[in-house]
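Below: one structure in structure tokens.
Naming follows writing order (A, B, C, D, E and F), and every chain is counted from residue 1.
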Amino acid sequence: MPFPDLVHPLLDAYESSVTLPEDFSAFWASTLAEARTFSTEVSLVPADTTLRLVEVFDVTFPGFGGHPVKGWLVLPRDHAAALPLVVQYVGYGGGRGFPHEGLHWAASGFAYFRMDTRGQGSGWSTGATPDPVGSASQIPGVMTKGILDRHDYYYRRVFTDGVRAIDALVDLDAVDADRIAVCGGSQGGGIALAVAGIDNRVKAVMPDVPFLCDFPRAVRVAGRDPYLEIVRFLAQHREKSETVFETLRYFDGVNFARLSKAAALFSVALMDDICPPSTVMGAFKAFAGQEKSMVEYEFNNHEGGGPFQEQEQMRWLSARFS
Amino acid sequence: MPFPDLVHPLLDAYESSVTLPEDFSAFWASTLAEARTFSTEVSLVPADTTLRLVEVFDVTFPGFGGHPVKGWLVLPRDHAAALPLVVQYVGYGGGRGFPHEGLHWAASGFAYFRMDTRGQGSGWSTGATPDPVGSASQIPGVMTKGILDRHDYYYRRVFTDGVRAIDALVDLDAVDADRIAVCGGSQGGGIALAVAGIDNRVKAVMPDVPFLCDFPRAVRVAGRDPYLEIVRFLAQHREKSETVFETLRYFDGVNFARLSKAAALFSVALMDDICPPSTVMGAFKAFAGQEKSMVEYEFNNHEGGGPFQEQEQMRWLSARFS
Amino acid sequence: MPFPDLVHPLLDAYESSVTLPEDFSAFWASTLAEARTFSTEVSLVPADTTLRLVEVFDVTFPGFGGHPVKGWLVLPRDHAAALPLVVQYVGYGGGRGFPHEGLHWAASGFAYFRMDTRGQGSGWSTGATPDPVGSASQIPGVMTKGILDRHDYYYRRVFTDGVRAIDALVDLDAVDADRIAVCGGSQGGGIALAVAGIDNRVKAVMPDVPFLCDFPRAVRVAGRDPYLEIVRFLAQHREKSETVFETLRYFDGVNFARLSKAAALFSVALMDDICPPSTVMGAFKAFAGQEKSMVEYEFNNHEGGGPFQEQEQMRWLSARFS
Amino acid sequence: MPFPDLVHPLLDAYESSVTLPEDFSAFWASTLAEARTFSTEVSLVPADTTLRLVEVFDVTFPGFGGHPVKGWLVLPRDHAAALPLVVQYVGYGGGRGFPHEGLHWAASGFAYFRMDTRGQGSGWSTGATPDPVGSASQIPGVMTKGILDRHDYYYRRVFTDGVRAIDALVDLDAVDADRIAVCGGSQGGGIALAVAGIDNRVKAVMPDVPFLCDFPRAVRVAGRDPYLEIVRFLAQHREKSETVFETLRYFDGVNFARLSKAAALFSVALMDDICPPSTVMGAFKAFAGQEKSMVEYEFNNHEGGGPFQEQEQMRWLSARFS
Amino acid sequence: MPFPDLVHPLLDAYESSVTLPEDFSAFWASTLAEARTFSTEVSLVPADTTLRLVEVFDVTFPGFGGHPVKGWLVLPRDHAAALPLVVQYVGYGGGRGFPHEGLHWAASGFAYFRMDTRGQGSGWSTGATPDPVGSASQIPGVMTKGILDRHDYYYRRVFTDGVRAIDALVDLDAVDADRIAVCGGSQGGGIALAVAGIDNRVKAVMPDVPFLCDFPRAVRVAGRDPYLEIVRFLAQHREKSETVFETLRYFDGVNFARLSKAAALFSVALMDDICPPSTVMGAFKAFAGQEKSMVEYEFNNHEGGGPFQEQEQMRWLSARFS
Amino acid sequence: MPFPDLVHPLLDAYESSVTLPEDFSAFWASTLAEARTFSTEVSLVPADTTLRLVEVFDVTFPGFGGHPVKGWLVLPRDHAAALPLVVQYVGYGGGRGFPHEGLHWAASGFAYFRMDTRGQGSGWSTGATPDPVGSASQIPGVMTKGILDRHDYYYRRVFTDGVRAIDALVDLDAVDADRIAVCGGSQGGGIALAVAGIDNRVKAVMPDVPFLCDFPRAVRVAGRDPYLEIVRFLAQHREKSETVFETLRYFDGVNFARLSKAAALFSVALMDDICPPSTVMGAFKAFAGQEKSMVEYEFNNHEGGGPFQEQEQMRWLSARFS
């Protein structure tokens, strides 16, 4: 059946059963504080490209543990004033790719930064950022990397990198610190939600068909990877279900949404069997920002709105930040 | 097995057995002449986008039969002089999409035009151009649309549209008629090869993993659609094999390559089971232009070089046309 | 799960939510009237076969737009009087095939006509009838051919052909105009339902696992093509959902069923994921003829009753028309 | 790759390496002799159908071991003289089905008999004939049923049934004993070859894409079942390869072909990965009858020529037996 | 969706609708009585292995119809007294395999017997036991072998073999007749349930993800073979549904469970689409023994608990039988 | 086609083109030396099981970098003298599992140790050993973990662990240091080959369908994972092919084979598309030990000989070490 999850009106009524750990904010505050004890030196190296309308910088900044994280910063050439900034996080398996991929934000007059996801970047686009931390026994992929302890979990490092990227860029002359947005599709949307939840500098968040939301339902409803990495892990480690879901509470988009003060433009696809619509709805319903809207794509799977949604975002954010 | 076709050294030795019909040039000359009897009025409507660094025009021009064909023309804003022009044709099933998709040519200082493929544009990106012509009994898709007569064959119309796009743009102030390039991946590469073969205004052609080459081998080696549409047609119309292959001689990239005078930058992927490497090699070997080179991707299927090849192209063409 | 759709008792309770457009009858009346302005010349050419027990004619008649449409007329040799007529429409992708395929109606004493479906006939049996009309951007296949305007929609032409076939045969000496039945499986069943809805000469209709019924539900429940062509279309043309479903109301078997006065023998398969059982039930419930029955096959997918249902039909129709 | 096996010119050059056991003829002679020791009483019960142009008889005859075997005998109604007889054996998994399926031979003036394959008849058409004999450990299906001893092998019973069907029909008034043909597709073609090899009453044999030929190559080249049942058997019973292939020599179409005196019309499909073309060629090359021809379908998989080949057969046999 | 069947709380509430035939016990009593009229001679041949810690015997005993059935008996070497006995039945398609496979019961101090399943033993492990009985038309596999009559049904023979295995072993010196357990996974669990239902000597039964339970629901919910063999049978033999389900009542684990007096340790996997959890729950709820428990594996498909459940079983049975 | 790689006689003639790096032995000598600078304290904790015939110890020993590595040591209870030792490494994705899995070596009188593979152990059996080392951008799985530098490559750590396991066990009273064998299937076979190549204490090696051999051919011939992880890596990191293959030379079973002095019993499966037979042959041909033999399974895919081969091994090693 094309619809793998709830449809209207059940979808509208859905609320996630994920609960917020008491020490959720403390956990993230201490995590960020610890990360900020490492060097904050940021390297911006001009990249050699044929692109005449923009300037491109190969950025390296210290992420979680001070580990070097890469990204492309793309600026409209000859811009006049401090620009609004869009930070994009990328989808599962991908990396920052090439600077000439995804020029629409810079072409629309934004400072644009596309961050590598550590250890990823070999699946459908290339990355250049190691994750120097190993793991206990895990399923191939990152979903169960360090999952038995929230301090070891892979996404603790990634979400921290996401905040540290803003740390690295916020003081640049080209960036207007009062107009910072984060965005991303799928995993990128999940990271954006997390960063918007723990970093108040973020004024706008645009999660597309976000991943990493409402884990307890997601792993039981998703029809395809990567949520199913967790299912496969539990299929072998049959006794560790409670431990796993306890860890995941600290990384659930539903909980980050509860803390966010940004404006939000979500999207959801009703035939999405990778990030099932109810899990996106779970985060959207919980989202605490005063202004939020959701664009729905009824007949799409995980590709969601694609360029339609990009156009929505460019219009929404241009209006908001102009 | 990962390699679905010849590998080195057999691949290097391969030459296509496709022969050039005596009346090939005459067929195409009369086809273009007939198309040019229709109105040449071109419409350029400025498009409303958030893109500040470029100007976008929604172009409608008369293609085969005078039928209206759409495309996006993207120009660097505030450019000084006539610009080199890149015309891109798109892959099977897609359309011109949105103007903010694929900004790298304009960002590199080129006038850039992305043409719709008539009747297509519902598969992976959107198109807005009808093909008002029907067909005898055919397989879903366009590969066998009108295939029993070369005058009716679908690609007669498409290749003509490809030339007529240049007719429509060549006289614009923003365009330097002496620096025209055509490009495209897969079907787009096949169209580019055809246009470069029958339109001497084209000075450079960049076919990526081109489709529509060396049909007799392609339909017997390809492991996936769309070449297999032809196989399925012949599986039912068992008596029409000779007719079908006679038609296809007039549309074979190998034959267009034999007539081309442009410089060429090809790419080929050795694990490509949609456009098998020998069929690409068949066209490359036959290519008559004085300057040609081939970039090879050993471990790629039909995605080919992707952004690597885009970077190659931007460098190659920027050097050539600067 | 084997059952892709509703089962009893929910299935029995299901009623389609499709509504009848006010101008539905007017639309079809004017469509047929327009078609009948074209030549009514019908060609019957005796076919050269080894079949001694029957006579076979290769028939060409003017369909929608006067376009020539083909079919095989098979008559018991040396029959005495005017015979009851069975017109069969064929399933998606097929054509009229060979005259020696499907002799059971003629062998049972009926005049039998198997009509080509224009443009189809390359998928699993052969056809010889072009569809000379093109389309705006569409998905491969015919489900979205012209779907943005009901005047352009492919099935407007096909359903009209179905009525024009009766026009072509009804006055033959061999045919008894008071005993006309239409039948077909899948798409053929959908065409039969449409013809029975708009042509009162039809006294009996036998739709097997009919396609083209209850579109809004069908495209959301079907697990396989061809309904999913529409889903894929809407996955790209995300803004055209309303337009598409407005067109489809004029072609929905549920609405044709509401207008029919014929007797009906339906069949449905409960494991059918191509033509989900609820969509067949939607048409059956709506069927307005005074006499109707449904044969149910619990453990079949789209193959339905196959020869069991053929036997049911031969018995049912022989009793009714003898 | 579409072609799973040899193509021209290697295909033409191929000869099977299967050798003829010295006692092959003796094995079959004693097998038939033993079968004929059982009752020869044949039952013909008129079947109740709507078919007016033919007479149908539900036939039960004693096969191997005297076990009752079923078939449909279909005769043109009111025929004048003894008719040529066509015996058809059916493909793997199927049964004799319904009498109204496949009327083209009777409609062409032949007495036509379609024999059940014992134990089969639940896969794609229905059968009514048990195989009362069990088996040692086997793979689901019949390919390895009794395969460790040629006396126990399933096809010993089936091929004997095939001959006994002729025994049962040859003396009927309606049958002309001098004009007997056997045919069948896939498994049916393999049975036809076997019967034509050991029963000289057969004057013509028409094997379509025949199965059960050239086993040692077939199990190593076939890409799909049923040959692969044997591969799976040997994958478990790793030590029994020699025994298995020794049994199969007594059931190989190549060896039956070597003994045949009938005229033959073969067909082969070059993309057939169920009955790979080289295995068909192996039997064709070995075929000893003075007159033989092969129809080749280049772009077909195991569906082969389908109705094209039926038409070929009807023309070929009508000419030969008229 | 990962969960193919009911989940909590619906799963807990589920009760099978299978009813107990009045003559169920009589049918099995007479079946066993008849089997016991055949020779009871049992052969134990010491097997030549490298295994020093255990003794292995190649056992042949008379099963249903007196047919010879094989199994491996493995005893701890130099054991002191009569040992508790564990009889294991194996999963669908497998056989007793090699004696060195599965030594954990003998290593834990049990006499251990692994019985061949007649006719099977070529699928994933090897068997050496024929099923000398044939069948009416059937689907490949054993699920529909003889299914039209309960006296002919394949599992009548297998379940009888299961009881006869105990007959063969119970009087050995090494075996303590008061401590007999049966176990098995999937089909093996179904056989164990059946044996425990009709043989009061069994004191403990350990069915893992048992097959052959709650047939009417199972064939409608299972997503994969072997239950679907029955669906495919009914898809062809459309008129035999009632007959088939009447036969299956006599072989349904739900009904055997109703008669059992043993202690039971079940397991169920909630993502199991071969033996759907509701069907296991159907048998568990019906189980009449005074002591029963169920181990649930939420994130497993048909592999269920695997070695986790083996460990559970060894602990549970060691405690119970020590 | 069932055979995905070379068959006889081409298979016999095949020799790997992999060359031995000059510093191969030095690289491994220094790697081992460095590992041995870490603590050598080994922990043996008696495990609580129901197994009476054997003693089980939960072993933790220092592997590469001194990282703790786990394994099960299983000893026949009440053994008299120092026992020959079999160390088994496990297949890709698995872990040491439960001690009651795989008792046949201990039951045959060997001290038996099954080592965890660091970081793995969630795929098909469970492991308890972390890999605390991270990686640059990689494909999910371990094949490309650290692949850009031989010092970082994942298998550098694993192979070292394999030697360190012997270090940990060789001095136990229960172990006879002169009779040490290593074995494993697939990845386990690759590790065994590596250990036998760099540790002269190993007197016998039994690689079953070994993985990690003849990489340049393997990645181009394998049809399924895990070799294809490397292909996918190179499909994105298109410029790193040379670097990757340079690293792999230091981890290639062909090169380890060239250095080995042990006796060897290999197995190979001719239908294996995970570890293609030519790659196994490449290692076998190169194997330098004076005594070597190969068992071939013609009709098996990667399951290879399974219990047949286990029996071969038990007989071969029992004879050799008794």
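The rule we apply is simple: a residue touches a chain if its C-beta (ideal position, glycine included) is under 8 Å from a C-beta of that chain, and two chains touch if they have at least 3 such contacts.
Since the model is a prediction, treat every value here as computed from it, not as a measurement.
Trainee: Can you give the shortest number of steps from chain D to chain E, where adjacent chains in the path must touch?
Mentor: Tracing touching chains, the least step count from chain D to chain E comes to 1.
Trainee: Give me the set of chains touching chain D intersected with the set touching chain F.
Mentor: B, E
Trainee: Going only through chains that touch each other, how many steps at minimum separate chain C from chain E?
Mentor: 1
Trainee: Where the CA atoms of chain A average out and where those of chain C average out, how many Å apart are those spots?
Mentor: So the centroids are 50 Å from each other.
Trainee: Centroid from C-alpha atoms only, then distance chain A to chain F, rounded to Å. What do you get?
Mentor: Roughly 39 Å separates the two chain centres.
Trainee: Starting from the mean Cα coordinates of chain B and chain E, work out the distance between those two points in Å.
Mentor: 63
Trainee: Of all residues in chain E, which are in touch with two or more distinct other chains?
Mentor: In chain E, the residues touching two or more other chains are 125, 308.
Trainee: Dump the list of chain pairs that touch, please.
Mentor: Touching chain pairs, listed by label, come out as A-B, A-C, A-E, A-F, B-C, B-D, B-F, C-D, C-E, D-E, D-F, E-F.
Trainee: Residue numbers of chain F touching chain D in their complex, please.
Mentor: Counting only chain F, the residues touching chain D are 1-3, 7, 271, 297-301, 303, 305, 308.
Trainee: Residues of chain E touching chain C in their complex?
Mentor: Checking each residue of chain E against chain C gives 4, 219-223, 228, 231, 234-235, 238-239, 241.
Trainee: Using the touch definition from the top, list the residues of chain D that touch chain C in their complex.
Mentor: 49-54, 76, 97-98, 100-101, 103-104, 106-109, 125, 307-308, 310-311, 314-315, 318
Trainee: Could you pull out which chain B residues touch chain C in their complex?
Mentor: Against chain C, the touching part of chain B is residues 93, 95, 119-142, 144, 232-233, 236-237.
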